[in-house]
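A, B and C are the chain letters, set down in written order, and residue numbers restart from 1 in every chain.
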Amino acid sequence: MEPLFFILTYIAVAASSISGALEARKHQMDIVGAITIAFVTAFGGGTMRDLLLGRTPIFWINDPWLTVATFIIAFFSFYKLERVSRPLLVAADAIGLGIFSILGATYALQLGISSIVAILMGVVTGIFGGVLRDVMSNRIPSVFGQSAELYATCSFIGTSLFTILYDINVNPLSASLIGATTIFLMRLLSVRFKMTLPSP
Amino acid sequence: MEPLFFILTYIAVAASSISGALEARKHQMDIVGAITIAFVTAFGGGTMRDLLLGRTPIFWINDPWLTVATFIIAFFSFYKLERVSRPLLVAADAIGLGIFSILGATYALQLGISSIVAILMGVVTGIFGGVLRDVMSNRIPSVFGQSAELYATCSFIGTSLFTILYDINVNPLSASLIGATTIFLMRLLSVRFKMTLPSP
Amino acid sequence: MEPLFFILTYIAVAASSISGALEARKHQMDIVGAITIAFVTAFGGGTMRDLLLGRTPIFWINDPWLTVATFIIAFFSFYKLERVSRPLLVAADAIGLGIFSILGATYALQLGISSIVAILMGVVTGIFGGVLRDVMSNRIPSVFGQSAELYATCSFIGTSLFTILYDINVNPLSASLIGATTIFLMRLLSVRFKMTLPSP
């Protein structure tokens, strides 16, 4: 599984880094702001996961290339991605959401933590980077608004599905792919059809 | 002591969860936002305490029922608590403040940490959930405003009292109850009589 | 080296504490807000560093005098520093930035972490307290704005210089002083000459 996790982490970090850098540009930040927000978005969820689970050193400390990659991607996203279509941004973000959620739940399950807490850990890992990005950009995290399309809900459903498959001994690789793909597609559909949650 | 801590944790988590969910509703968040803010409010202080003290895994990881309880309470608070009187909200929050403060100081003292740092840990544990709730709702934490009634001050005084009693070998159970009750009552009185701190 | 680190930590904490308390006063917070923001500014970066590196217990837990000093400095800054010239504030902040950055990189290098991650750790340690201060004061961290003078950039360049010197076996004490002084002076020059980064 390790090589798969390695690749998935890189994809999720790259996608989150793009999303962070572009968000920073929208808020009139400079390149340092963009790189910082990119790091926060890309590393935030996984860092929180590792801290909560006591998995030190944190995932990005032992792999300097992850830092280099985030740095370079943020730099180019900020200066070179002139016009970014919203679909591209949403897709990048949805990839990060799907992969980080499943990685979060997987690491929790590997430590023998109960399914329900593993699902929570998956959701935290999936959404925390984006929440931090929004908090540091001084706005209410976009995922919490009543007009927001489903976001944490996608993570919750996909991670629950993954955890159930894992618990009934489905091959972990298949379970991961099914879970991450569910989150990714559900997020795209939510945006496309403006699916929101009922208000009180 | 353990059964007592267990019960106190549940009470504090439940009270904080209600306070978080209702705060989220005030800010026009959806149910996902409400549940997230409820978790942040209920788990934030204790999580910070456990991270700082190196008490991993974090308190809510090994007890899935705490997660379930927070989830259910947040859900019902958001949809069912139609009209919430401000006194109820203040009381719920004051219970959380009192219990979390004393639990934070207790865990620090049990690790042999000096009294002054234990008091700081108590205050951090007590107020951090509410501070995070406000930061994520995109406003200056209410406890910091010049027009705010005493809040962290109640935690500081009650935790100091508890620590002194603990240091002079008063029965820990009695010391805990005296400390938590002091915080709770002092907070209620502050709100009732609009007690604030002097401005510079 | 230990006595040096000890003294540098106190200087950086004191400078950050002043900067935090004065920032809080600008935002009409009360004394509790000021003390809290002072603690967040002074302890935030080093706490994040210790959490990420797994160095528990956190640096301020074993030294109660650091807590006492921060408390007293914040108290007097809030009530007694009537008119603070901006140069003084900038200098205090720049001292904290320089010292915390180098301490962050040093602790990372001592754990055998690669240079590039050590630089990132230095920047995080250096800027995180100020970022937290701004987030809790409900504004976009000042270091990220397009009109902001160089800040994280100073930390990045000084920490990189320090890491290179350290890697080529320059005496650690000299390397630290050169790095911290570079950050401090570069920050002052940036403010004096309004140096900013190019926009996209």
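In this text, a residue touches a chain if its C-beta (ideal position, glycine included) is under 8 Å from a C-beta of that chain, and two chains touch if they have at least 3 such contacts.
Quick caveat, the model's predicted, so the values are computed rather than measured.
Student: Based on which chains are in contact, what kind of graph results: line, ring, star, complete or other?
Tutor: It is complete, because no pair of chains fails to touch.
Student: Check the residue numbers that subunit A and subunit B use where they touch, and answer same if over half are used by both copies, otherwise different.
Tutor: Here the answer is different, because the shared fraction of interface numbers falls below one half.
Student: Can you give the whole-Å distance between the Cα centres of subunit A and subunit B?
Tutor: A distance of 29 Å separates the two centres.
Student: Among the residues of subunit B, which ones contact at least 2 other chains?
Tutor: Expected reply: 51, 135, 138.
Student: What part of subunit C is in contact with subunit B in the complex they form?
Tutor: 24-25, 27-33, 36-37, 39, 47, 51, 56-58, 60-62, 64, 67-68, 78-79, 135-138
Student: What residues of subunit A sit close enough to touch subunit B in their complex?
Tutor: Going through subunit A, the ones touching subunit B are 51-54, 108, 111, 113-117, 120-121, 127, 131, 135, 138-141, 143-146, 148, 150-153, 196-200.
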